[in-house]
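By letter and in written order, the chains are A, B, C and D; residue numbering begins at 1 in each of them.
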Amino acid sequence: MRRLAAEGLGSLLLAATVIGSGIMAERLAGGNAALALLANTGATVAALAVLIRLLGPISGAHLNPAVSFVQALRRVLSWREASAYALAQVLGCCLGAVLAHAMFGLPTLQWSLHARSGPSQWLSEAVATFGLLLVVLGGRGEEVPWMAAAWIGAAYWFTPSTSFANPAITIARSLSNTFAGIQPQDVPAFIVAQFAGALAAYYVARNVFCMCDRRRSSPTRAASAAGSHSP
Amino acid sequence: MRRLAAEGLGSLLLAATVIGSGIMAERLAGGNAALALLANTGATVAALAVLIRLLGPISGAHLNPAVSFVQALRRVLSWREASAYALAQVLGCCLGAVLAHAMFGLPTLQWSLHARSGPSQWLSEAVATFGLLLVVLGGRGEEVPWMAAAWIGAAYWFTPSTSFANPAITIARSLSNTFAGIQPQDVPAFIVAQFAGALAAYYVARNVFCMCDRRRSSPTRAASAAGSHSP
Amino acid sequence: MRRLAAEGLGSLLLAATVIGSGIMAERLAGGNAALALLANTGATVAALAVLIRLLGPISGAHLNPAVSFVQALRRVLSWREASAYALAQVLGCCLGAVLAHAMFGLPTLQWSLHARSGPSQWLSEAVATFGLLLVVLGGRGEEVPWMAAAWIGAAYWFTPSTSFANPAITIARSLSNTFAGIQPQDVPAFIVAQFAGALAAYYVARNVFCMCDRRRSSPTRAASAAGSHSP
Amino acid sequence: MRRLAAEGLGSLLLAATVIGSGIMAERLAGGNAALALLANTGATVAALAVLIRLLGPISGAHLNPAVSFVQALRRVLSWREASAYALAQVLGCCLGAVLAHAMFGLPTLQWSLHARSGPSQWLSEAVATFGLLLVVLGGRGEEVPWMAAAWIGAAYWFTPSTSFANPAITIARSLSNTFAGIQPQDVPAFIVAQFAGALAAYYVARNVFCMCDRRRSSPTRAASAAGSHSP
């Protein structure tokens, strides 16, 4: 339960940051989308690094069903644990959207009308999630917080979708008709692309770079963010 | 006395940075509020991380009455020490506002006319302070400087109030009729919201994540920024 | 092969970030080149630091023929290995350009029309590469990722060419008629300048600062990013 | 000689970054001074952190006559060494200005016409240098690079002079009629203010915080950036 609470709270604060800073950035930027995205990127990167570092020792701080899924594939989590994690992450992110709206005095329940679709965007989501999972699988424990945050920061800019790379955040962003939103009918394809990218990273990390095995056998990484549940 | 001097000097330099960079940013930004806030955020984050790291080994570098209050609840400080800390912080921050005005050639004594009020803003202050205290209570000592600074940087953007999250800074900002100001009559509600957020973080850290106990028992954290006074 | 795969994949993701974030930044910046370059810089710095840290333990994460060339001069790599590295880097970067175009729905094969030439630009490329190699030769292993990334970030701004400082990236950028491009006929002079800067850094590091020898003899640096192949 | 070469080269690259990024930022920013200063700040912070880390183990990486002066007061350097350091720093910075002009195809010899004067600016320079020296005297060795760089980054924004905080850089900037310039007749007062701030920091660090003594006696700090010459 403590671990699920950590995943839920972290997801809530992450989604509130992503959506809230998008609202603030759009309000202040006077129509300049680059400036708004720059502010949105900075806030996301900062909060993500803090939350992974803070909650990593408790739950691993996955904050992302694609990460929990790959950790289940690696048997770091059981499938049952991974499902509970995913549920906590989705609930947390949706509450984070509600909190962001409340903080900015907007209607708490919204559906996004922001269309984000097409093969280019799906490819982008797969690439961004591939890189994120490679960092989680291959990064050293203490460094995963800044590495994951920096990768997401870069991916905000090298993908036309601004890199969701997280199924729980994708669902929550469909509930916000603001800067960071995505219309609900575009969500399923994003999530499929994200899991595909995560699977590809698992395959590459395991078979090409042997990252997964190196990791499990290293005692110095026992308390690491992404490997804290290893037996 | 050395510890109070550290709290006072740190608060002075922090408030001078927050208010001074706000003045500079507004002067240069040509009316673009996002650009001004981006610069204000960068300066605040950088100075906050430096000051916590520099003064942490001396006084704990709370620089924030809400932090000293929670450290008194945890019995890291006595209530008497916490009150002295808070006084040094408020005095330091007010002198910091005066210094910022002097550096920019403005009248040293001002009252802000910037209205910041309403339930949305109070909720925002509570959320921002909640996250800050969670970082202070749960972060590892050496990492608290960058974590606290990064959290505040994110909170500048995900809150409509730009996240004061500090009663001493809030009072000082009421003395500056510039970019970073808040009119005096809006100060009390902000401070109440900040203490409420801090209390909630104390409750969650203690009862949900057991962060407070883990910390006190760890000898490797003895010299940490936020726990340097533990017996 | 594992090492070549790491160099190839890292170069691919690096080039995709550099070129992709350039496209995104230009699209969003509304004609403000400083804003576009700021976003392009942030994405490049973040991805570069992550990739060097992630792949350093596998291949050294040179991601740059000028680095592999100097490592061969220092006998950290054989010349044959260095040539294979360079080939993997060039192929990876070119595929990265193709990937960036695919992610943004642009024609995958392009020739840049962006003229970048003249003694000032060549001098700049030599200075930027000189500094980069000094960091690689003199930085401590664990710190090379952020140091190399921060140096490139600074060099994006203190050079009129925005600091390519990497022959493989230079070739790949000639294949992209976007923000980050360089027309093919300007490539050879850039590469000559980059190798000249790298050679100068090798000379200074070895003869003035004795950096190369200090390094090889230090066991604590055995696993470092740039020296992980030392016998 | 190796130490003087390190001070000279570091000062050269630092001044080239400060002035070069100012030229680039002004060219691209389309008249928006906040955007130009944001880019100038980012480049300066990044290069400063890298150079202090890279050259610290060789010469201490003072790169600043005010730092060498205080290190002589503390008897970390002899007065003769400090003078040689200061000379190398001034020469290096002036060559850096020339290099920046050459990289951007500008006349190499210029006198700045940028007026920067008055009590507010002098106070600002003293405050910025005070904070910088406090970081150098009180920061832990491995952390001085990022702390000094972050402080300067904050001070670029909380001072109307954009915080020169360095007599050698101040002289070099009088040789550049660009964004970062200062007219020669305004230089002496800036230098006096900088030394005054440095002296105040030495007094406070020694008598209020006892930082200087703690440092010298700590063996783990022997290789630190600012204390690497302690007997």
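The rule we apply is simple: contacts are C-beta pairs under 8 Å (C-beta built on N, C-alpha and C of every residue); 3 or more make two chains touch, one makes a residue touch a chain.
Quantities reported herein were computed from a predicted structural model and do not represent experimental measurements.
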Output for shared partners of chain A and chain B reads none
Any chain in contact with chain C as well as chain D: none
Select the chain at the greatest separation from chain C, using centres from the mean of Cα atoms. B
Distance from chain C to chain B - Cα centre to Cα centre, in angstrom: 40
Using CA atom averages as chain centres, what separation in Å is found between chain B and chain D? 28
Can you tell me which residues of chain C touch two or more of the remaining chains? 32, 35, 38
Provide the full list of chain pairs in touch. A-B, A-C, B-D, C-D
Residues of chain B touching chain D in the complex: 2, 5-6, 9, 13, 16-17, 19-21, 24-25, 28-30, 32, 35-36, 38-40, 42-44, 46-47, 49-50, 53-54, 58, 99-100, 102-105
For a test of understanding, state which residues of chain A touch chain C in their complex under the given definition. 31-35, 37-38, 41, 45, 118, 120, 123-124, 127, 131, 134-135, 138-140, 143, 147, 150-151, 153-154, 156-160, 204, 208-210
